[in-house]
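Inspection log for the structure reproduced underneath, given as C-alpha cells.
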Amino acid sequence: MARSSPLRRLGFGLFCSIIVVLCLFPFYWAMVSSLKSGTEIFATDLWPKALTFQNYGTILQDASFGRSFLNSTLVALSTVGMALLLSITASFALARIPFRGRKRILLAILSVTMFPQVAVLSGMFELVRFFGLYNHCSALILSYMTITVPFTAWTLTNFMREIPKELEEAAIIDGASYLTILVKIFLPILSPALVTTGLLAFIAAWNEFLFALTFTLTNQARTVPVAISLLSGASQHELPWGNIMAASVLVTLPLVVLVVIFQRRIISGLTVGAVKG
Amino acid sequence: MSWSREKTAWAFVAPCLFVLLSVAAWPLLRTIFLSFTDAQLEHMSGAKFIYWENFKALFSDKDWKQSVYNTLLFAACSVPCETLLGLFVALALHKPFKGRGLLRAAVLVPWAIPTIVSARMWGWMLHDVYGILNELLVRVGILSAPLPWTASPELSFWTIVMVDVWKTTPFMALLLLAGLQSLPQDCFEAALVDGVSKKRIFFRITLPLLRPTLIVTLIFRTLEALRIFDLVYILSNGGPKTMTMSVYARRYLVDYANVGYGSAAAVCLSLIVALITILYINVGRHRILEER
Amino acid sequence: MSTIALKNVTKSFRDHQIISGIDLELSGNACTVLVGPSGCGKSTLLRLICGLEEPTTGEVHIDGRCVNTLPPVERGIAMVFQSYALYPHMTVFDNMAFALKISGCSKTDIAQRVHKAAKTLNVEHLLDRKPKELSGGQRQRVAIGRAIVRHPKIFLFDEPLSNLDAALRVKMRHELARLKAELKTTMIYVTHDQSEAMTLADTIVVMRDGRIEQAGTPLSLYHHPENLFVAGFIGSPTMNFLKAIVEKIQSQYLVLRFDSGETLSIPITRAELSARKPSLSLGETITVGIRPEDIKEEVSSTEDGAIFSGKVSLVENLGNETHVWVTLPGGATLNLRQAKKDVPHALGQEVALLVRAARCHIFDPQGKAIQRTQKEAACSP
C-alpha cells in the first residue's frame, strides 16, 4: 500500500478522535459530574474544581443500592449459567446431529429472539405469580431465560457449525459417543466462544429493565437499572443528579472493563449470530 | 444407527426446548388468550371472556393510534440513520491502523452501557437548565437560547431518536465492519488491478457483497426499534407525543392493572413486528433470487 | 487380514445419486486404491465402508458379516483424513491415545502402544506438542499414528497427501509404501492423483460418476485399459487419441484410415474382433490410443505403423526427458516423450512420427476397448 499523505493521515486521526469523543463523552461527563460536590454540579466545567467522592459515599452507604448491586450480579450470573447449560447440548444437536425437525426448532429459536418482550409480559406475570416468585430475584432469572436462552442457543449453534466436520468424524471413528465428542472435543475447542456467548448474555441480563421493573416491588429484589430509574429527590424536578451519576458510573464500570478486555471476542460473538442469520 | 442418532439429538435438545416452551411459548399463548378477556392484575383467574371488546376499545383509542404512529416513525427515523452513519464509519475504519483495538473498545461502550444508564446520562447532559449540551451550543452560537430537550413533548421525541442513534450507530458500524472484513479480498484486489474507480468499487462490488449482512442487521435493528421501551420510559415525561407501543402496553397492563386490554395491545405489537419481519424477509429473498 | 465386500451398494443424497450400484470384493493384505476425478464418489465409497454414511440400498460386508448398521468403531477400521483432523487442543500423545482411552485400555498399555506407534513414525520427540506446533508432514504422521495405535483390521486413507507440497508428498508416499509392507493389513486409499495410485496400489479401482470403470493391478490398467476413460486417466502425460475409420477387416489385420489420410494396419485375430458385439463394421469411426512413449521418430524403422507428419507446437523440458506436442495438419495433436539424449526440438519444426501398430489401443465407437493378444507381446520391449 502506498503511504497516504500526512494531511490525509491527520484527517483520519481527527475522524477517529471525533468518534471516540462522541462515544465516550456522556460517560466522561457522568464521571465528572459524579465527582463534583454540592452545587458545583450545576456549573458546566469540564473538570471539577475540587474532587469529592461524596456522591459515591451516599450511594454506597445506601443499603438498598448495595442490595440491588448484589441482586444484579446474582441474577445476571445465574441467568448466564443456566442459559449456557441449557444451550450447550441443544446447540450441539442443532449444529452437528442431523435429525428431523432441526430446521423448525432453529427457526423457532430465531423468532423468539426477535419477539417483543411485552408480548410475554402478562403470561409471564401469571407464571411468576403461579410459582410465588413475585418480588423475588428468581422471578427475574426465570423471565430472563426468555431473552437469553434463544440468544445463547443461536450463537453457540453458529459457533459449533464452524468446527470442521472431520474432527467430529475422526472422533466417531475413534469410538466416541456424541456426549464424549461434545465434552472432550467441542467444549475445549469452544471455550473462547463460550466465554464470548456468556459475556453477551451477561450484558443482556445486567442491562434488562422491563421485566425487572415489572416483577419486583421493593428494594429487596430490585436490580441496579431499576434502582437507578427510581432514584429521585423530594420532587420530580429535584432529581439528585450527583447520586444518579455516581450510581451510573458504578454500574457501568464493570461493563466498560469487560468491553475493553474482550472487545475482539464480543464482536466475533455478535457477528457469528448476525452475519450468518 | 439413525434411530439412536435421532434419540440422542432429541435428548440434547429437550431441556432447552422445554424451557423455551414454558417461558416463551406458553406465556405468549396466555397473553393472546388474556387479550380476549377482561382480566385484571389482582384477579386474573376470574377473568371473563369478552371476545373482541379489548381490540375494539384499543382501535378506537386516540392514544394507541398515536403510539403506533410514534413507534413506526421512531423506527423509520432511527434505523436508516444508524445504518447509513454506521456504514460510513465502517468504510472509514476498514483498514488497519494503530489504536484500532482502542477505537473498537470505545465504540462498544455506548452499546454496553445499560440503556437506563445512558438515558440517565443523556437526561443530565440535556437538562434544560443545567445541561452541558445547551450550554455548549449556546456558547458556540448555534442556539440562541437553551432548548427544553426532554421537557417539551415535541422535542423529546427527537431527543429519544438522537440518543438511540448515539447508542446504536457505533454498534452498527462494528457489525458492518466485521461484515466488510469477511468479504473476499481478491475481488477488491482484482478490481484495483483493473483500474476500477473507488466509487464504482463501492456500488458494484462492496454493496452487493455486503447486502446479506446489511439485510440481516437491518431486520434485527428494526425489530429492536419497534419494541423500544427503556429509553422512552426514562427520557420522556410519559405524554402521548412520545409514547411507544411497548410503553402503552405496559402502562395498561401494570400501572392501570388492566391485563386484558394491555395484552391486546401487546398482541397487536407482536402482529406488527411479525408482519414487518415477513415483509423484510420477502424483500430480501426476492433480491437474492434476482441476483442468481 | 480382512475381506471387504460391497454388494450392489448405492448412495443418494436427496435426489442426487452419488454411488450407483457398486459390487466390489477386496481381500488379503492388499492396498486398494480408489481413484477418479473429483466428484466420482470415491470418498463417499470410503465413508460407506467406514460407517460414516449408511448405504441407501445394498450391503457392506466386512469379514463376511453385514455391517450396514454397525457403528464405525465396531467395524475394526481406522481412518486418516485429508485435513488430518487432529484434535487441536490435545497433545500429540493425547491425540493418539484418545481412541484407546475411550475403549478403556489401561494406562500402561496406552503408553506402550502410543510410544511404539510414535517410534514407527518417527514422531517420538513430538509427543508433548500440540498439532499447531507441527509441520504439515509431522501432522500427517501423527494422523497415521492415531490410526495405527488401535491395531485396526482395515486402514482407510482419504486423500492423505493432497494437503502437502510436492516434495513432501513424494517422501510421505515412500513412507506409506514402507508402512504398508510393515503393517500387513488391508488398506483402502482414496486419491485423485494417478501417480500415487500407481505406486501404492496392489489393486486400483478407477471410478467415474459413482460407478467402477475398471479394477485391476496398476500395470494391467496401464497396458489394458478397458475403456477410453481409464486409458485417458491412467498415465502421465495422457494417452493420445486419434479418430479413425475402419477401412478393411482382414483375417489378421484391421486396416484403419485417419482423418489426415494415413492408414494403419493393426494386428488382430478374428476371434478378438468378434468378441465385441455387434461386430465392427466397415466405415465405423473408432478411436486409436497410443501412449507418448510408443511414438517414435525413427521413420526409417522397419516396424509396422503409420507415419504422421506435423509441426512441433509445444516443448516441455523436464530435464530427464522432454514432452513434445506435435500438431497434425488436421488439427489433432500428438504428444510424445523424448529421452534426454535425443536432439531437442524447436518450435515450428517439421517432424515425422511413427505410431507403432503393435502398441496401439483401439476403442469402439462406444469407447470400450477391443483387446488384442498381439499387443501384450509388445508390452515389454
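Read from first to last, the chains carry the letters A, B and C; within each, the first residue is number 1.
In this section, a contact is a pair of C-beta atoms (placed from the backbone, for glycine too) under 8 Å apart; a residue touches a chain by one contact, two chains touch by 3 or more.
The structure displayed is predicted, hence computed values, not measured ones.
When the interfaces A-C and A-B are ranked by how many C-beta pairs touch across them, A-B comes first. Of all chains, the one whose Cα centroid sits at the greatest distance from that of chain B is C. The mean-CA centres of chain B and chain C are about 59 angstrom from one another, to the nearest whole unit. For this pair, chain A with chain C, the centres built from the Cα atoms lie 57 Å apart. Taking the mean of the C-alpha atoms as each chain's centre, chain A and chain B sit 16 Å apart. Chain contacts: chain C has residues 71 touching two or more partner chains.
Looking at the complex, you find that chain A touches chain B at residues 12, 15-16, 19-20, 22-24, 26-27, 29-30, 33, 41-42, 44, 86-87, 89-90, 92-94, 97-100, 102, 105, 108-109, 111-112, 114-127, 129, 142-143, 145-146, 149-150, 153, 177-179, 203, 206-207, 209-210, 213-214, 224-226, 228-229, 241, 244-245, 248, 251-252, 255-256, 258-260, 263-264, 266-268, 270-271, 274-275, 277.
Listed in rising order, the residues of chain A touching chain C in the complex are 164, 166-167, 169-176, 180, 184-185, 188-189. Within the complex formed with chain A, the residues of chain C that make contact are 50, 52, 71-73, 77-79, 81-83, 85-89, 98-99, 102-103, 146, 150. Looking at the complex, you find that chain B touches chain A at residues 5-6, 8-13, 15-17, 19-20, 22-24, 26-31, 34, 39, 41, 44, 89, 92-93, 97, 99, 101-110, 112-118, 120-122, 124-125, 127, 129-130, 132, 135-136, 166, 170, 174-175, 178-179, 182, 212-213, 216-217, 219-220, 223, 226-227, 229-230, 233-234, 245-246, 249-250, 253-254, 259, 262-263, 265-267, 269-270, 273, 277.
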